[in-house]
Each structure stands twice: as C-alpha cells, then as structure tokens.
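In the two assemblies presented below, chain A is common to both, partnered first by chain B and then by chain C.
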Partner chain A sequence: MSELLTELLVNALTLGSLYVLVALGYVLVYSVLRIFHLVHGDVVVLGGMLGIGVLHLLGVGGPRGAPAWLALGVATLVAGVAGAVVSWGIEVGVYRRIRTRSRLTPLLAALGLSLVLENLLLLATSKDPIPFPVAAIPQGYVEIAGVRFLHVSMVIVGAAILLLGGVAAFIRGTRLGTAMLAVAQDAEAALLIGVPVRRVTAAGFLMAGALAGAAGVLFGMYIGSLTWFIGSGFGIRGFSAALIGGLSSIVGAGLGGYVLAVGEIFGVGLRLGPFQLDPSWRDAIAFLLVVVVLIFRPEGLLGGRAYTWQVRN
Partner chain B sequence: MRSHGRVSGVVLIGILAVLVGMLPGPAWSQAPTLKIGLQGVFSGELAAYGDRQKGGVLFALSKAGEIKVGGQPVKIELVYADDQGSGEKGPIAAQQLVDARVNVVIGPGFSGPTASAMPIFRQAKIPAVSPFTSANNLAIIGGGWYFRVSQRNDCQGEVLAEIALGLGGKKVVIVDDNEAYGSDISKSVAKNLQAAGVQVVGQYHGALGMTDWSPIVQRIRQDSPEVVVYNGYHAEAGRLIQQARDRGVTAKFLGSDGILDPGIFKVAPAEKLTDVSAIRTIPPAFVEGTASSEYKRFQAEYPPFAKAQKLSITDADQYSAGAYDATNLLIDAVRRAQSTDGQAMADALRSTSYVGMTGPFQFEANGERKGCRISYFRLVGSEFKASAKPGQ
Partner chain C sequence: MAGPELTAATAVTDGSGPAVPPSPAPRLVVVFLIALIIVLPCLTRGGPFGFALVPDRWVTVGVLGATYAIMALGLVVVTGWSGQFILGYSGFFAIGAYTYGLLNSLVSERHWGAPLSIPIAIGLSVAVALVLGLATARVRGDYFALITLAFGEMVRISITNLRDLTGGSAGLLAIDPLTLGSGGAAPAITSAVGRYTTGWLAVGVLAAWLALVRRTPLGRAWVAVREDEEAARAVGIDTARAKLVALAVAAAVAGLAGCLFAASQLSLVPSTFSMLSSFIVVTSLVVGGMGSIRGAVLGTVLLLAIPELIRDLAGGGAGLLDYQMLIYGLAMLAVILLRPGGLASEAPQGFRRTAEVVPDPEPTRGATLRLRGLQARYGGVVAVAGLDLEVPAGQLVGVIGPNGSGKTTLLNVVSGFHPPAAGTLELDGVVVNRWPPERRVRAGVARTFQMNRLFPGISNAENVLPACDTVDAPPGLRDLVGAWGGAGRRDVRAHARAIACLGEFPSRFPAWRWTQLPTSLSYANRRRLETARALGARPRLLLLDEPTAGMNPVDRRELLRTVRRWADGGTTVIVVEHQLGALAEVADRLIALDHGTVIADGPPREVLASPQVVSALMSMEPGLERASAR
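Let's look at the complex of A and B:
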C-alpha cells in the first residue's frame, strides 16, 4: 500500500509541477491586469513546439548533435523567450487597446486569440502531432523500495521548483517585483505614487509567457508529443489550479497546481476496499474540486494572501 | 386592345413552356445529378481519417468511367461536412448535407457521429454508405438506410479475444477511449474472454485526445496482466503504450483496427512500441503478399493519386480502401437502379453482390454487411507486418 501511495504521490508531484507553471502565468497576468488570459494554454503548446524544433536543429541524438542536457537547456530557453515575446505582443497589440472597456471584451478577445493561435498551429503542423525527440527525454529510473522514480519526472519537478523559486525571488527581491505587488494590490494607487504601471504590466506578461514556453517543453517531454489543439486542455487545467489556489496569489498558484494534481491522481488511483473509481472520472474530480473550493472559498485557498509578503517583509 | 393581345401571347408561351417541362425524358432536359455528401473528420487530430475517406472516394470516382442513368451521363457533385469525429457534431453535419439536398452520403467516418446523424438521414430518406464505422447498433439506428463497409465491433471483439488468448493471456486488462467505437469492442472482448475462461483483471476508460495516461498505467502495473487490449485510435494508443513502457509495463499490447495507423509513430517512437500487434478488418487473403491483382493495383496507384490531391496521408490502407469500396458500391447501385433517388439506391444497395478491395460484399436487409473477416498485424520496427494469428 505504501508503495502505491508513494507512486501516486510521485505522479501527482510531476503533474502538479506542470500545472503550477501554467497556473502561475494566469496569476501573474490576472494580478497586473485583472483579466482571464485564456490564450495562455496555447502559448504553452507554441513554446513546446518551438522547443522541439530547436532540439531537431541541434541534432540531439544524432552523431554530431549537441548533448541532450545542453540541447534541452537551449530549447527551454528559446521556448521561454518565444513565449514571453508572444505574450507581450498580445498585451501590447490587443489587451492594452481594450483594457478600459467592459470586462467581457478582453475575455472574448482572449477566446478569439486562442482560436487564432490554435489554427495557426494547425496550419504550421499539418494537423499532425509533433513528437518530442526521444534522445532528449531523460530515460531510465531510480528504484527505491519498489517505487520507480522516473528521471523525466525528476527533471520536471526540479525544473518547476527552479522556475517557481526564480519567480518568487524576483517578486520578493527586486524593485520591479515589488512594483508588481503594488499594482496587483491597487493599480490606481500604484500609478499615483509613481509606479510605472505599463512597464509592470508588460513585465507580468513577459514572465507569464516565459513560464508558458518553458512549461511547453516540459509538457512535451512528459507526454511524448504535442498536438495543435491540446493547448486549451492545458489552459483549463492551469486556470483551474489558479482558481483553487487563488487567482491573485502566487503561492496559491503553486498550492492549487499540486492540490489539483493530487485530487486527480489519488481520486482515481486509490482503492478503498472494493471501491475504486474508473480513470475516466479524472476530469470530473478535477472540476468538482474547483467547484467545492469556489463554494467554500470563492477567493481560492490562498486568495489575497500573496501580497502580504510585502507587508511582512 | 393590342396590349391585351400581347399579354395573351405571353401567357400562352408560359403554359406551353410548363407543358414541355412536364414531358418525360426530352433530349434537351438537364443531365441527372448525383450529389454525394461526405461526412467525416476533416479537422482535428484525427483528420487523417477524413483525408483517407476523401482520397478513397476521389480515387474511385476517377476510375469509375461514365455513369449513365436513362442513357444520360450523370453529373457528380461532392459536398463535404465536418463532424470532427464527435457524436455531438454528427447531427449538425448531417443537417448541412440534408440542406444541401445530397442524394446519398459516403460516411459518416466514425461511429459516434454516425449514431447521432443516422436518424436525420433516415428521416430525409438518404442512404449512408459508411466506409469505416463499426459500432454494433448502427444498422438498427439506421433503420435500413445505413450500409456498413467495415466490420461490426462484435466481430472485432470476438477475434481480439481469440488473439489475446493466443498471445498467452491468462490475465488480461482491457482499456478504451470511452467512445462508442472503443467501448463497444471492449464489451465484446470482455464477454468473449470470460466465456473462454480468461480472467479480465481490469477494464478502464481513457478519453479521446487524452495525453496523460499515468492513472491507467498505474492500474495496469497493479494488475500485472500478460496482455493489454486497447480499443480506440492510434494517437491515444501510442501515448498509452509509450507511457506504459516508460513505467516498466512489460505486457503485450493488442489493439483494435483503429490503432493500426502509421500516425502512431508520430505520437510515440518505434523503440517504445515494442510487443504491439493489432487487427485490420480486411480478410487475410486481401492483405499485402496474398492479395488479388485489383488490390495490388490499388496499392500501387492510390498513393501517387493521393499525393497529387495533396492529402496528408497517402497510404493505400483499409480506410482509403473502405472509402473506395463505399464509392464503388454506390456507383454499382446507381447503375443497377438507373436512378439517383435515395429510395431506389437503398433498394439496389440491399441486393448488392460485389467484390471490392476489402473483400466480398453482400448486405443483410438492415444494411449490415454479411460475414466477419479480420487479418492480424504485428508492429516490427516502424512497420506493420501481416502475420498469422497467434495460436493458429
């Protein structure tokens, strides 16, 4: 039983790490602009596909190709930069022009952009799934007490912790990060005291996009291939994680991602006597979790608390 | 007075024109038109099936020669309707075809949308010749207007159970994509395995488009079966098998005809797809190496044709062959019925006796294809190789 629990926990940690990276993007954007950036999941797929392209360009696995760890690092970096540029472009080209209109306008724009990006990916990939080069996926596992810790899972969890830590350090330790917290609390007051709100907003989008791009590479590595339409699925999971943790809380995004993954994996993985749910219940469990959290804590588990960092510090 | 005379003349000409229009079969009347509706998956991850459907139809039409009704050459028009393989979108696509006044449908491509579209075709009295649907209940839902080119899921389930047994399966896990096609076959496999005394230790459902199969892989590891039977399509099967191999599952994987698709290598690398086999709903005598001369000609001529049509997939496989057969069955029916009327074509289809690329055709009164013909393939490297069924 403990073997099963540990294995489920490892699966949940891996999946949760991916959800966290996407959820964090939603939170960063919502914090600075108060909009639901529903195109975020498609930026994840775009980043992942570009990352796969870079891996091919570097000839990973070939006789003269770059070492896998180096190629992966470069691919993640390129995907991150591409994600950041696309997200920033969306902010400047679309959201900035409509942010003062009704709250429904940016939401509809985000939905429209999601369809546009999905269709561009469809045209670029001729409908086919894009396989992640096997040579770039860390193979093998470490077995401890009968439980397999896959190398790929360890890389994903490690990368997510690094990225999450980086974002937290940036927000807590830099002037721009502090300015982001100020804008998140009250954009108008921040503007009055001289915070460059426009620059701060751009920084939020750049960070969210960079995380999305990096998450795309990790997603591709985890599931083995990426297809043009799966962005909305990633997006919904990330958004659900952000709702569970609290849309205005960076720590909440982290918690929400892991809570969602634990709920999904343990919900269908645990056997209670003769009773065990079929794995097809996984989506229902995930969304039930969101509904339950929204009923009892509409602001999310940690909604509103992240910005107390500044006060505590 | 002169003006009144002009009006009478115009009325007279009008009456004459109407009467001439009512005369039967005048030499200058319009050529009969056969409007064929193609309902299938023309976008999404499974759009390659739509391309095969389109390719098979276009290839058959290019080879059909002149089709005449009442001595007049028939003008053929194609109308496309995309249901994305989804049961919910089936009726919308079907209504588009009814509104376009098609005479006959080649499709739908998948069982889910066929089940939801057939009541609409039945009501509109439009026969649907379906190239690769396999759900058991479609002929019942179709009420005599659905004609199956492929094989029923029960037939696949029966053979898959036999093969699982031949592969040494004492404990078997059955997984599917929770769609009509996959779960239908799963039920049949489970029934046949249990009847043969094999222990079905787990039966799980994923979803179409599912990317993370870890909860199901977890269950398979717990169950430790000798054989896993997957019923569904290649994209999901590829991901499931890859993730299972990554997590140390060593069981043999056996799949329904939906997984036998070269697209599986785009989802998972060949080195992860070890110990994988699947079936095709084509009789063994028609698979490569032992095929008829017509089948060999189809194998040789179809790929360059599909390439010229810029289709995403150009293989002469059971899907393109199914669409080719569906079109030829329809042309044969039009020629015999000497009509493009829906009822006349449906009656002619019921009395079909024809040998196509996927074997001989005869239909039951309800449109069900007679017989059960299946061949077996193993994945060797990055190829599907026709093999003898294990245990035979």
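Let's look at the complex of A and C:
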C-alpha cells in the first residue's frame, strides 16, 4: 500500500510540475494585463509540436543523429522561443488593441484565438496524435527504497524546478522583474512613476510563452504524443492550478499545480475500501477542486487582495 | 474662502455633439431574418412550389439553427444583459436534452410526452442553475466564467460516465420526436419542415418575450448590474437576486433548447455538449452583438450558414468541415477587433412615454437620522470614531472637514456600503445597522458617489430609470410576464419621474441627450446625472458626496440652490462639500469633522467661525482644497 502511495506521489509530482509551468504563465499574464489568457494551452501544444519537429530534424535515434540530451535541449529552446514569440504577437496584435474595453472582451478574444490556433495546428499537422520520438524519451529508472523513480519523471521535475527558479530569480533579481511587480500591483501607478509598462507587459508575455513552449516539449515527453486539440485541456489545467493557488501569487501557482495533480491522481488511484473511482472521472475531480476552492476562497489558496509574490515568512 | 468669482459669461462646456446614430438599419436586419427563415423551407423539394432551389439539407441545418438561436437568446439575458459571463452554458443545454431523452425514449421505456417532459426538463435546469448561482454568489466576473466552464464540463463528464443511466459515450438512442401527448401512440411532429417550423416559432415567441422583459424594471436592473454592481445597489437593486433570476431564465431557455434538440436529433451523445458548443453560442453573440436579441439570432444564422454556404459553393466534401471552427475563430476575432459592438447591436434606449407627467402622489416626508457612538474602520485605521449625531427631517446639513476626516466614510456607513464597527444607526427610529444598501434605498436613503459611478454603457435615460423603478415598481419575478404583471402603469410613472428628475437641471438634459451615453457628457453634467439618479429613488434622506466637483462657481451655486429647494420640499439632505462659502449660503447646519470626530456642529456662520474648525481646515495647504474637488 505504501509503495502504491509513493508511486502515486511521484506521478503527481511529475504531473504537477507540468501544471505549474502552465499555471505560472497564467499568473504572469494576469499580473501584467489582468486577463485570462485562455489560448495559453494551445501555445503549449504549438511548442511541443515544434519541439517534436526539431527532434526529427536532428535525427534523434537515427544512426547519425544528435545525442538525445542535446537534441532535447535544442528542441526545448526552439519551442520556448517560438512560444515566447507567438505569445508576444498575441499581446501586440490582439490584447493591446482591446485594452480599454470591458473585461469580457479579452476573454472572448482569447476564445477566438484558441479556436484559430487549434485549427491551424490541425491543418498544419494531422488529426491523429503526433508521437513523441521514443529515442528522445529518457528510459529507465532509479530504485530508491523500493520506489521507482523514472528517469523521465526526474527530467521533467528537474526542468520545471530549473525554469521556475529562473523566473523567480528574474523577478526578484532584475530591474525588469521589480517593474513587473510594480505593474502587478497597479499598472496605472507604475506608469505614472515611469515604469515602461508596455515593455513590462511584453516581458510578461515573452516569459509566459517561453515557459509554455518548454512545457509543451515536456508534456509531449510525459504523454508520449500530442494532439491538436489537447491544448484546451492543458490550458484548463493550467488556469485551474493558477486559480486554486491564487492568480496573484507565483508560489500559489506552484502550490495549485501540485494540489491539482495530487487531487487528480489520488482521486482515481486510491481505493477506499471497496470504493474506487473510474479513471474517467479524473477531469471531473479537477474541475470539482477548482469550483470548491473558488467558492470557499475566491482569491485562491494563497492569493490575497494584494500581490504577494514573495514568500511570506 | 471661495475662489475668484467668475461672471455669468463663463461658457457652459458640454463636450457633446449630436446623438450617436444607432446601428445601421436595425429594422432591415429583423425583416431580412424573418423573411429568410420563412422562405427557406418553401424553396426546398417539400415546399409549396415543389422544386428544389435549396437542398433539403438546409432545413436540417435550420432545425439545428433554431436550437442554437434559442440558446443564444438565453445567453443574451445572462451574459448580454446581466453581465455574467457563462462559458459552460451547454451544461444546461445537456441537462434539458438528456432529461427529455430519458423521459421519451424506447431505450428508457418511457414516453411521457413533450407537454409533460419539457416543463420537467426546464424545471430541472432551473433548479441546477439556482444551486450553482447560490453557491457561487461570492464569486465575481471572470472567475465566475471559469467556474461555469468547469460546471459545463462536469455535466458532460458525468453524462459520459453514468453509463447505466445515459448510455455513456455510446449515446442515448431512439428518442421520441416532439410528441403532443404522453404515451407511445401520441401524435408527433416528425417531418423536417415541421421541426423547422416548431423551432423557429419558439425562437420568435422567445425573442418577443425577452424584448418585453428587457423593457421592464427587471430588464433595466439586469443592465444596471452589468454596468456597475455597486452603483446598482446604490439605486436599490438587489443585485444578487437580479443575477440569480437572469441565470435561472437563461437555464430555462437552454433547457428548452435541449428538449427541442433531443426531439429533433432523436439521439444524443455527450460529446455534443463539449465546451465547443458553448463557445459557438458565445461566438454568435459576439458576432451579432452582445446584448442584442436580433444580433443573437443574426449571429447564429450567419455562423451556421457560412460554413454550409462554403460547402455548397466548394461542391461538398467533408474536409471542409475542418475549416468551420477556424472560420468561427477568425470571425470572432475580426468582429472583436473591427466592430466592437457586433453586427447588430442595440441602440441606447431613451424614454418611451414622454407625454404624460405624473405628479408624485404626496410630498416627500423627510427621514430623521440618528447616529449613536458610530464607529467605522478600515483595517486598523479608525475613519469614524464614535459619532453622535441627530439630523431632523427636512434639514440640509453640510459636512465639512479636511481630507481623511471621515466625511465619505460617514456617507458610506449611512448608505450601507461600509459596515459600522460599533454604535447604532437609526432611520426614523428604526435601527438599520444590518440593512444592505438596496434595502436602505427602498426605505428612502439615496446617495451619490465621490467618484462618478454612472452606468457608462447605457443611455442617460436608462441611468436614471432603475432608481425610479425602485420606488413603486422594484424589479421582480412579475416582470417576467411583462406588461401583464402591471408593468405598464408603473412604467409610465417611473418614466415620468425620470424625466422630471432630469428636468431638475433645466437645459442640461434636453430630449436629444436621453439616448446618449453618459460618456459623452461633460464632467459636471455627469455629476448632475448622478444626482438626478439619486433623486429618482425619491429619497427621504439624500446623501451627496461632493456633488459640485468639477463645476465652476456659478454652476456650483446653481446646483446647491437646487439642493436647497429639495430640502425645502421636505427631503433631508446631507452634503459633503469643500467650497465652504457656497455651502454656507444654503445649509441649515454645518458639521465639521476632523479625525473622525465632530469638532463643530451648528449654524454655518458659527461653525465657520469656530477656531477649531479654522485651524483644522487651515492645516490644509492652500490649493489642496481645489485639487481634492477633482
């Protein structure tokens, strides 16, 4: 039983790391523009599919192909750059033009963008899932105290920690990061004291997009394939995690991602006496978590009224 | 104290041009839609002319179109009017469809018939909406949208997983067509044209009904809630209730759409009710115009017709279906970016009946206000520190004091927008500490805000009307039956009073301005409009927070003299004002606040001469006073 528990926990940690990367994008975008960037999940898929393309180009697994770790690095980099550029393009091309409208408008625009991006992906690829090159998925596992840690899980968790650390360090350690905090608090006031709000907004989208692109490659590795319409699923998980944790908090996004993953995986993986939920209820559990958290804590678990980006002691 | 006196030569600056023209040829859109819908089935093989100008497939598409149009109409109410964005609307659609399907199918061996099962389906959908609405009462705006998205998905997942009941992803099959009675042998509408006619008749009836409801106090309350929830409470609208009713109406409409869908498709699969179907309805609303009935129908027709037309023109092929959602997405983006209001948005509404002027039945009897040991805090900051105050009926009280002395907080506590931390607040001898703002408005307490809180997206007329409704026709369920609920008579009175309230500011709100948006008014006129709105609630205690901000001295005196007239008419008035000279001319009494306590209280002349008041006010930088008036 305890082995099952640990195994579920490792799985949840892996999945949660992926959720966190997407959730963080929602937090970054929400902080600079106060909008729900519902196309974000599709940017994840876009990045992942580009990454798969790069892996093929580099001939991973072939006789004269690049080594897997190098190819993965390049693929993640390309996916990250592409995600950043696309997200920034969306900000400049769409959101910037409708800034002064009602709060519903950006949400609607995001829905429209999501439909467009998903169907462009469909046209560009195929209806069927695109397999992630098996040769690029780290195989094997390490066994510690009877629990198997898959290499692929370790790579995903490691990459997520690296990326999160990078974002946190950027925000707390650079002038642009400090400016982002100011914009998150109050964009108008920030503008008045000379913060280049436009550049900060762009930075938020670039960072969110880069994380999304990288997350796409990791998602592909985790699932083994990507499908054109799967983005809305990623997106929903991402913002669910962000909502659970609190949209105004980076730490909250992290917490939300893991809470969501634990809830999902334990919800259908655990057997309570004779009672075990069918795996098909997994999505419903995720949604239920969001609804319950929002009803009882509309600001999320860690979200306060103010923007609390720092870890509170 | 007053600044340099300007002469009457000061121009009245009203930054507004001629009225905004309504969206192009609105009638034409309606006529075109009705004609198209009637003519379409006539041109098919089964039509009266007996030739196939249009393939039969179009009738089937039309049946589906009617279902979606009904859904779009429901979304107009909840999203377009009451401003609650619902992303999981297909959840209600699914509940309606599956209820009908389970009550009328060979598989479930039940044939309850449409007359019985449609009300059941609608009732179930409404019940779920009420539970959802009550549970999420604290959740606002886009968060609510995301909760509903989760709700819609949970409904679909539940239907998929409850295989024993619903047939799961294999679907619920052999559903009865629209039967006119219960039992297996009841007559039913089976032909495609029959379904088409039933569906579009339902659309027509629904559209006419909703157009009626929009013009009742309830309809106006919805729009007010959408524009500014706080301001809506300040004119006496029970916003939580208004929102819940809108959600319930939308759920009922979606439930009906679900029944018609089940009865025309004859089989149901859960994947029909995915997020995508919700998005399609939202898209048609965006394309047509968010709060517009004709826009919703137009949007639905366009969105369904365009892909079909492309398919016809391109000579068929299922591959083209792949472009459908891409087209929707692009259409949505194009409309959002290029034509913000949608293709057929509704023009701002003015007053309908202007001929009759109904005088108020009796003169106003002012309210008395008594505060005992009243305290108010923001976190740890004490804004009002133990105030004892008595204001008799019909008195005009000026409240003065430096910034941060608790003037606005006092008004917020009296009007119910900020809870008192201690003490009691009595209105006519009744303790009202716990009354929400809307209840106090109905008891006669109306207010304006220090920062303008108008309803920016609706006409000047509709800014004042909701307040007038509160007095003798508060929005309620009876408005759902439109004029039969007696709305007509009450409506005349509300309209007449709204016109009279605007008339309190002669020549500022001529008739051509009634249909304009407040955003086209000058700042001073916006202040006046908000004051007129407060007056619309027929206050017995009127709270004005810096009503003359942004006005020149001439206009300021004029407005304060008008306020004096209202007090002479019996209304108790409390005015917060920085221009002491002008205020002293009209007020019966001044109350000076500093640090949340009364430092002087009495006739204006005495209060202004009090050394404490002088030192409190003089501690302000010269010029600060004027800055704070902005």
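As a convention for this text, the second predicted complex is superposed on the first by the 301 of 313 C-alpha atoms of A that agree within 3 Å, B and C clash if a C-alpha of one lies under 4 Å from a C-alpha of the other, contacts with A are read in each partner's own complex, and residues count from 1 in each chain.
Note that a residue touches a chain if its C-beta (ideal position, glycine included) is under 8 Å from a C-beta of that chain, and two chains touch if they have at least 3 such contacts.
From a predicted model like this one, the values you see are computed outputs, not experimental measurements.
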Chain A as common anchor, with chain B and chain C clashing or fitting: clash
Chain B versus chain C as contact partner of A:I265, first or second or both or neither: first
Touching partner for A:S232 - first (chain B), second (chain C), both, neither: second
Which superposed partner A:D186 touches (first chain B, second chain C, both, neither): neither
Touching partner for A:V116 - first (chain B), second (chain C), both, neither: second
First (chain B), second (chain C), both or neither touched by A:S280: both
Stretch in clash, chain C with chain B, out of 43-51, 133-141 or 169-177: 169-177
Chain C-contacting residues of chain A that also contact chain B: 122, 278, 280, 283
Partner chain B, residues of chain A touching it in the complex: 4, 7-8, 11, 14-15, 122, 126-131, 134, 141, 148, 150, 152, 222-225, 227, 229-230, 233, 264-265, 268-269, 278-280, 282-283
Residues of chain C defined as touching chain A within the complex: 79, 83, 85, 135-136, 138-143, 145-147, 149-151, 153-154, 157-158, 160-161, 275, 279, 282-283, 286, 290, 322-323, 325-326, 328-333, 336-337, 340, 457
Sites on chain A touched by chain C in the complex: 35-36, 94, 97-98, 101-105, 107-109, 111-120, 122-123, 232, 236, 239-240, 243, 278, 280-281, 283-284, 287-288, 290-291, 294-295, 298
Residues of chain B touching chain A in the complex: 43-45, 47-48, 178, 204-207, 209, 211-212, 214-216, 218-219, 221-222, 235, 238-239, 242-243, 246-248, 263, 265-269, 271-272, 312
